[in-house]
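For reference, chains read A, B, C and D in written order, and residue numbers begin at 1 within each chain.
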Amino acid sequence: MLEFIDTVGEAVAAVKDGSTVMIGGFGNAGQPFELIDALLDSGATDLTVVNNNAGQGDQGLALLIKEGRVRKMICSFPRQSDSWHFDAKFKAGEIELELVPQGNLAERIRAAGAGIGGFFTPTGYGTMLAEGKETRIIDGRGQVFETPIHADVALIKALKADGKGNLVYRKTARNFGPIMAAAAKHTIVQVSEIVPTGALDPENVVTPGIYVNSIVKVA
Amino acid sequence: MLEFIDTVGEAVAAVKDGSTVMIGGFGNAGQPFELIDALLDSGATDLTVVNNNAGQGDQGLALLIKEGRVRKMICSFPRQSDSWHFDAKFKAGEIELELVPQGNLAERIRAAGAGIGGFFTPTGYGTMLAEGKETRIIDGRGQVFETPIHADVALIKALKADGKGNLVYRKTARNFGPIMAAAAKHTIVQVSEIVPTGALDPENVVTPGIYVNSIVKVA
Amino acid sequence: MSIQTSATPLGRNDLAALVARDIAPGSFVNLGIGQPTLVSNYLTEEQNITLHTENGMLGMGPEAKDGEIDGDLINAGKIPVTELPGASYFHHADSFAIMRGGHLDICVLGAFQVSATGDLANWHTGAPDAIPAVGGAMDLATGAKDVFVMMTLLTRDGASKLVEQCSYPLTGVGCVTRVYTDKAVFLTGPDGVTVRETFGCTFEELQALVPVLKWKRELAAGAL
Amino acid sequence: MSIQTSATPLGRNDLAALVARDIAPGSFVNLGIGQPTLVSNYLTEEQNITLHTENGMLGMGPEAKDGEIDGDLINAGKIPVTELPGASYFHHADSFAIMRGGHLDICVLGAFQVSATGDLANWHTGAPDAIPAVGGAMDLATGAKDVFVMMTLLTRDGASKLVEQCSYPLTGVGCVTRVYTDKAVFLTGPDGVTVRETFGCTFEELQALVPVLKWKRELAAGAL
């Protein structure tokens, strides 16, 4: 059931210790900062986090990592100039890393939402990221078997939601939002605006409300 | 390279004898009738046609089948009250049928466009449509291995195109258009309107122009 | 205590009304072609049900009347329909991802046969000269969280369509959770079949019609 | 007939200009982070090139200037960019489907090493304490129709980055089709490497720098 929730704190109560949490965003675009801050405050720990990166600077996901709340990161690009908290935890052996090529990350998330049990892709074939994975030659190309990434909860950011939970995004802030919403059992969305049902053109809805559980408006 | 073409006849010249041709539409919605008629006139034969159905009544795809131009149909629902031309050819053993559950059809077309070498799906497991196919149990569910469906040419219908070939559709006429455009080497689109580049909101483009080769406006 | 909830067998419309009442508020539902479509007539506004049609839409409204008919707006049965506020359109792969990814709460389908463990046969008679056509049936059967079947309990020849093992080609294995018929509602699953209620017959009379119930007990009243 | 087309080695900008000239009109192109980004400065309006950024956009314009900066509109390097008329936005899976499905005509990438048969190493030094980070490099390398590499030919220590076999961890196998360096342009593929042109050195001088060219002949001028 779709719920409109007043505060980000109540919204992220769905994240339990040990949850797998997808967090939208690429760089700062599309990052649900307020939801991440609420997750930080919630105390939920032993998390597996799926995000393109592994936190930057001294905010959001980086702080969650710093506080030791993230058991494992599944991401494509953990190393950045300001990813010092991840770097420290990783070098200390205190966080697990599953490094996934960005397209495999996106496709595996999409597969989870679409009910696909696994797929073959040429990406990564012949590289160390395919080590230990099943491979086969299809139409003359080496391919690697990749499995869906499911999540308990997704935290994403959209521009607007209507009363049915339909979402639209803004520019490149769309990025992982739509596929994470579909891949998680419970999807929490922070939006800038809630509009009346009927105010979004059905042709332009990007995430249908069927994928959305909780909506919270942030200032 | 994107081309704007004056007539449907010139547009379908890309279809050669022996081509695999995807044809958009579900029922009459989204069917590119004018392009199909032009294909009928073109004389191209020995075709493999991918469409949800196998023609209805005495028009379009049904006539292509009647004239013996279709060697093989890949579809989910060939049997309809008015699919007499397909019925006759099929019973005479003059047309090959690959029957595909509609979701597998859509996902296999999508896989072709997305560069996926094959995928496992629970759909069809334990049924006669999985006979002879590779299966495995994934997370406790029986799944069937399905392969991408590529095409030489796609014939689809959209509402509007801009100067870059970006497309928008109308209501349930969208159906197979976007995934077929991505799965075919050469995509031909009939549109009701061509608008200036910049007239479509980038947030609302459904098929980016990268998937489109030829656009022809039909009255 | 009897589980007979009606003195007579249910007609198609009464059965559709019963299915409609059993759909939880806020559900996302796909109604198959034919008898299941009747269910939409009995959904109330308070239930806030969102209908999906596999040809690319959520928020489908009732069948279009004369002035409303739009060739670009049809349902999976190719009947012109309408759009409700809050609707959305998407392409076929996205539409079937909704079904296959387990996001629909319920789909309601017709059937030739259902087995005691929920195997479904509803797409093909298996006759050697029949032209097979499957459409989205396998995706719905396999993907929805709950699969409800609506059918008459007996064939014209009086044979039960609820069987120990389907003789018709399968649509899906162990996928049906409930079977709504004119004479009874059955719950099916890995542990076999249970009778929830009967219409116009006693449990013992039903057992005589449905061989697979031979050794079964009725469900304690109120269990569902 | 000499294939030396410049009296001096090419600077980064001249090399970017050369890559830009080699991109066919109407192409869809992804420019990697770093040196490849310079190529956009030399694309002409007549070429009608559409730039893709893997974080969800086609029709990317130049870097945003002060007043244009919008936090929701960035490129894969997380730099604010602009939108050109005819742009489109899509989610990550759709964006990578463009790359992985073979729809990009060209991607231009930096590299640590390229092998004579087009293996690419550009994501990981392999150092035991390095934190690995791959981003979209493997998808681009594997998916684009043509993969152009831009790099200096030699490491700081004077070793050739064009090698018989990469010693760094691979990004993709046999994927690079051209290598643009300060001293030469190479064509790579299943049949090995060929020199298209040299800058500031003769073919023989280049051979002395690049061991894998030891037994190679130069490409007949005009062949590409």
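In the analysis below, a contact is a pair of C-beta atoms (placed from the backbone, for glycine too) under 8 Å apart; a residue touches a chain by one contact, two chains touch by 3 or more.
All of these numbers come straight from a predicted model, not from anything done at the bench.
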Keeping to the contact definition above, tell me which chains border both chain A and chain C. B
B-C or B-D - the one linked by more C-beta pairs in contact: B-C
Please name the chain that ends up farthest from chain C once chain centres are defined by their CA atoms averaged. D
Between the Cα centroids of chain B and chain D the separation in whole angstrom comes to 35
Just give me the whole-number Å value for how far the CA centre of chain A lies from that of chain D. 30
Taking each chain's centre as its mean C-alpha position, how far apart are chain A and chain B in Å? 33
Show the residues in chain D shared as contacts by 2 or more other chains, in ascending order. 57, 83, 89-90, 93, 96-97, 99-100, 143
Could you pull out the residues of chain A that touch at least 2 other chains? 107, 114-116, 121-122, 169-171, 202-203
Which pairs of chains touch, using the document's own definition: A-B, A-C, A-D, B-C, B-D
Contacts from chain C onto chain A in the complex sit at residues 25-26, 28, 50, 52, 57-59, 83, 85-90, 93, 96-104, 143
Quick check: in the complex, which residue numbers of chain A touch chain C? 1-2, 112-116, 162-164, 166, 182, 197-198, 200, 202-203, 205, 208-211
Chain B residues touching chain C - in the complex, by the definition given at the top: 26-30, 76-80, 83, 86-87, 90-91, 97, 99-107, 109-110, 121-129, 142, 169-179, 206
Interface with chain B, chain A side, in the complex: residues 107, 111, 114-122, 136, 138-139, 141, 143, 147, 168-171, 201-204
Please name which positions on chain D make contact with chain A in the complex. 53-57, 70-74, 78, 83, 89-93, 95-97, 99-100, 119, 124, 129-139, 142-143, 169-173
